[in-house]
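Presented below is the structure to which this report refers.
Chain nomenclature is as follows: A, B, C and D, assigned in order of appearance, with residue numbering initiated at 1 for each chain independently.
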Amino acid sequence: MSFEWIHVAYAALTLFIVINYGMIMTALVRKIGARVSGRYGIPIWQNYIDLAKNIALRSKVTHGAMFYLGPVFRLTGGVGLLLFVPTIYGSVMHQNFSYAGDLILALYFVFFGTLGMALGAGESGHPHAAIGVSRGLAQVTTAELPLALAVYALSLQYQTIDITEIVAAQQGSLFNWTLFTNPLATVAALFGLVGTMMRSPFDVVMAPQEIPIGPPTEYHSSYLALMQTNRVLFPVAKVVIFMNLFFGGATNWAEFAVKAFAIYMIPVLIGVVNPRFRVEQSIRFFLKWGLPVGILAIVTV
Amino acid sequence: MKDIDKSFKKDTETDFPLREEMRPRKVTTPDGQVIDIDPLQDYFCQEPPKVHRKSYSAIVEGFYNWARANSLWILGFGTGCGAIEMRPLMTPRFDAYRYGIQWRPTPRQSNLLVISGYLSVKTLKRAIRAYEQMPQPKYVVGLGSCTINGGMYWDSYNTIKKLDEYLPVDLYIAGCMPRPEALLAGLMDLKKLIRKGEAEGANRYAENFDWYKANQKSVIKDWDMPDYSW
Amino acid sequence: MFSFQPDRSQYPDIGPDGKFEIDLETGKFLKLWQGPNHPGITGNMSVELTVNGDEVVEGKTHVGYLHRGFEKLMERRTFIQVFPIVCRVCVPEPDFNEYCYAAAVEELAGIETPEKAKWIRALILEMGRFNSYMMSIGGIGGALGNGIVGQWLTYVRDLMLDRFEELTGARIYHMFILPGGVRAGLPEGFEGRMEEVLATAERYLDDTEKLLFTNAVFKKRTKGVGYIDPALFESYGVTGPNARAGGVAKDVRKDSPYLVYDQLDFDVPVEHDSDIWARATVRYRDLRVTIDLLRQILAKMPKTGEVMTSLPNVLHWKIPRGETYIKGESSRGEYGYYLVTDGSGYPRRVNVRGPSYTHAMALLEHLIPGTNIADVAALMVSLHTYPPEIER
Amino acid sequence: MRELIEHLTPRYSLGAPVFQRPGLTFVDVKRDKLRALLLDLRDKHGFTHLVLLTAVDWLEEGRFQLTYLLNNRAADQTLGLRLYLDRANPMGDTIHDIWPTAATYQRELREMFGIAFPGSPRVDEEFILEGWTDMPPYRRDFDTLAYSQQTFVERGGRETHEPRATMKHKLYPEG
């Protein structure tokens, strides 16, 4: 695919839509969670106000260059993940910068933000951040393992590492989705999705009751605003990959909205009813259940 | 009530001795380096807080104040018995989330410090630390009669009687203890203050820093604390 | 293939006195403060942890953040002036302070309480226990990351606070039980409205049982964690549900019945595992018993009768020299007041024996070493400690 | 209970018992006999539960009273042992090896009454107060109101109604 400057504008448009979608959707999800516990819940535009408030804060304490770069890396991870994956299949505008090897790049970007965060939080000097980072890296690494295996299984199955081609192969009928053609890989990848979404039972890294609140302890004002932006963008970007790989992709924004919401609700539903695992328990869980399913997925392709 | 013992004189002679771990010393690090450590130098924030100006444009400041008012993050620090009424505030019956009020576990991310009830001297020290860690602009709400004038504990040797001597208070909510409805009404009033741009307690604290510190030091003798939030 | 045993090669050496030799300057250890500004702590106290990796090697409880010097303040007040401040000693369950203080004064002054006042006192105490358990079970859910249980049960607690308000006029500090009886009888139609609250509570508890007590993750987090050897119960002064979770049916309501508990029909639930799971379960089952007791008390209560005896002129009330100890079974264990009088109009000494005093200090410090950092909050909540009664 | 006290009295030279109510007895003990008595009560007579350990300041008599409350759950008996210490130089014996939880009580007594318990773990560490330089606050000669007035700033306009004066004024306005 040849590069044209108009693609940058298109990608920015995609980014804009996805960020706003993420803002509204995460607020909606929090509202749903509040309704389960019997509350009315936050206003649907609360995320925007929080963001504006954090930017409006006057004091910004920094702990060094890496402390500043941490949220930047994290946001880069989110934006990169989104921009190198086709958001809407078949649309020229929202094809973004996807290219023949984007599957590998996407895998890299899923992890990239966490690493950036580790560097930044480590520099803040707060012991909670340091402990949170070491826990977070350990847990995310094992949670990614089934996801990586599922992706290998997929590239074996479709004989490609181009997400666009994988989506193309799933078009036509509901039963062409990877969900039905390779259910084992889907299950293995869902382990990865649930494990990296930072929701119960795998959210001990950010748990306020234990190590409050893990890596972002020292982040405030604009730094936190950057991370908040990423917090609404990154899950959606991750969900886009899953949508493309396993659920047939989206051919228009309406389909995107419905599918992304549905996939996002999987970890939310699991999270709302479960307490959280300890770090070593969740590692054990992924090695015991996620890993074999992932290996099985590769073997049975 | 027993009469006051006029002959009783507070011991003002004795100074609190510097603890062993607070004295300057030499330390060998794991990689063999010898470094000097003066804990009090390290632990104390020697730099006084800065006075932060408002935005130059009134419209921008107005928008910022609107955002600040509608996104109040409370530090989850229950300093006294008032903390027990903070919990119903965040649960189905009263649900303060509706108004953009949320809980935050770390002082770095919160804007509102609710002093929920009396402050013993020991807690005052932590409350000051938490307050100083919060980013500007920040607000303090005194909850309960005991923050106003000592309330029930007016003759106690261990609780402060007047919170605004030690921290710049924006608003008091009276009662022992104030009901959640009163808390909600108080927080709504605080929002109005913020929107009018009158809740500039942090700048007041920075301008009168020496006065506040002198007041704090007159009751807190032992300043030993870990140098991070807790 | 995989060994999931923790790597203890970096552990501190054990000194001659059997304790770890912890030298912070080696860099192997990290001091972590949990509290007082910490969502996982039960109220305003703090635990100073020394961690090695994810494991805690030493824990020290620090209290005193809530110290108001109650026992000193009481010595300055006349007997009747003490009564409004006693309830402030323990915030989530204040009624036990009122009852114990009132009963101690009555015993030393030789005042008889009317029969109906005893029933109302028992009713108030059980309502307080209900609230306290609601907070405790919600807290265990919250400490392990299931906030919904906390939300539900706090809502139910609010309903019970409405009944408190109806009966006493206040939500938290009721100041209802005073020496000589209680301030008033039951309002019209109280039983019916109480029954509504209890029915709602049972519905929410059914949901809680399904959500929390059958959850695999919850079981994994709590079973076998925070085990207290029942042989240590006596030496660490463990009472109440913490002891009942270890197979010792300690309950002052049964062991030395006070008020009207000898006329009520109830069983004390006992579990045997003595871990966090058992302590949560025993509280849950005891909450069911409490609901049943509330129904029984309302049904068996005499419908008519005095609720207050006439006191001597409280401004000149002097009580002869003597001392006594009154205890009751609060939701956390044995709650007691030790009152010494010296013949003057003021108490000579009041000492509050809060169950958290032993649970949160010596016992917690004994239990913490060897646990994971993530379990400290759950451990503390499962012991159900309220710091204000430790330092008063 | 009477039998037990009668049985123990000659061996430990106990004082005259006070039978406060069925199930609660107070008795005076001597300091040198205390430890043996506690062990005996715990191991032979079922008083396994240390309910509380506290002190009473008898300022006028120049002595501190230590109260050890022990409970025998099976027999539903509580026994309070009263031990008197000289107020000028109060020194108690630690019992933390009999009941580990007593260490906490002793720390509190050390801080709040200034009673020394040599050998008790962490007894000299601060327990409740922090940076306290005055006399131990639970002593009777410590005046909390005077201390508070000399330490803290008070807000003006507080009105105190002394109940006796108020009532007198209400009932007899002419005086």
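As a convention for this text, contacts are C-beta pairs under 8 Å (C-beta built on N, C-alpha and C of every residue); 3 or more make two chains touch, one makes a residue touch a chain.
Note that the structure is predicted; figures quoted are calculated from it, not measured.
Looking at which of B-D and B-C shares more C-beta pairs in contact, the answer is the pair B-C. If you average the Cα atoms of chain A and of chain B, the two centres end up 37 Å apart.
With centres taken as mean Cα positions, chain C sits 28 Å from chain B.
Chain C and chain D have CA centres that are 22 Å apart.
Across the assembly, chain A contributes 37-39, 127-128, 208, 212 as residues in contact with two or more other chains.
Multi-chain contact residues, meaning those touching two or more other chains, occur in chain D at positions 128-130, 137, 142, 144-145, 163. Residue positions of chain C touching 2 or more other chains: 31, 38-39, 64, 67, 69, 72-73, 75-76, 78, 81, 151-152, 155. Shown are all chain pairs that touch, namely A-B, A-C, B-C, B-D, C-D.
Residues 1, 4-6, 8-11, 14-16, 121-122, 125, 148-150, 154-158, 160-162, 165, 215, 218-222 of chain B are the ones that touch chain D when the two sit in their complex.
Residues 25-27, 31, 33-39, 43-44, 46, 64-69, 72-73, 75-78, 81, 84-85, 88, 91-92, 135, 150-152, 154-155, 157-158, 161, 171-173, 346, 388 of chain C touch chain B in their complex. Listed in rising order, the residues of chain A touching chain B in the complex are 34, 37-43, 46, 49-50, 52-53, 56-61, 125-128, 208, 212-213, 216-221, 224. Within the complex formed with chain A, the chain B residues making contact are 50, 52, 63-64, 67-68, 70-71, 76, 91-92, 95, 97-98, 100, 102, 105-106, 108-109, 111, 135-137, 228-229. Those residues of chain D that touch chain C in the shared complex are 20-21, 23-24, 26, 48-52, 54, 56-57, 67, 69, 73, 76, 78, 80, 98-101, 103-104, 126-130, 137-138, 140, 142, 144-145, 163-164, 167.
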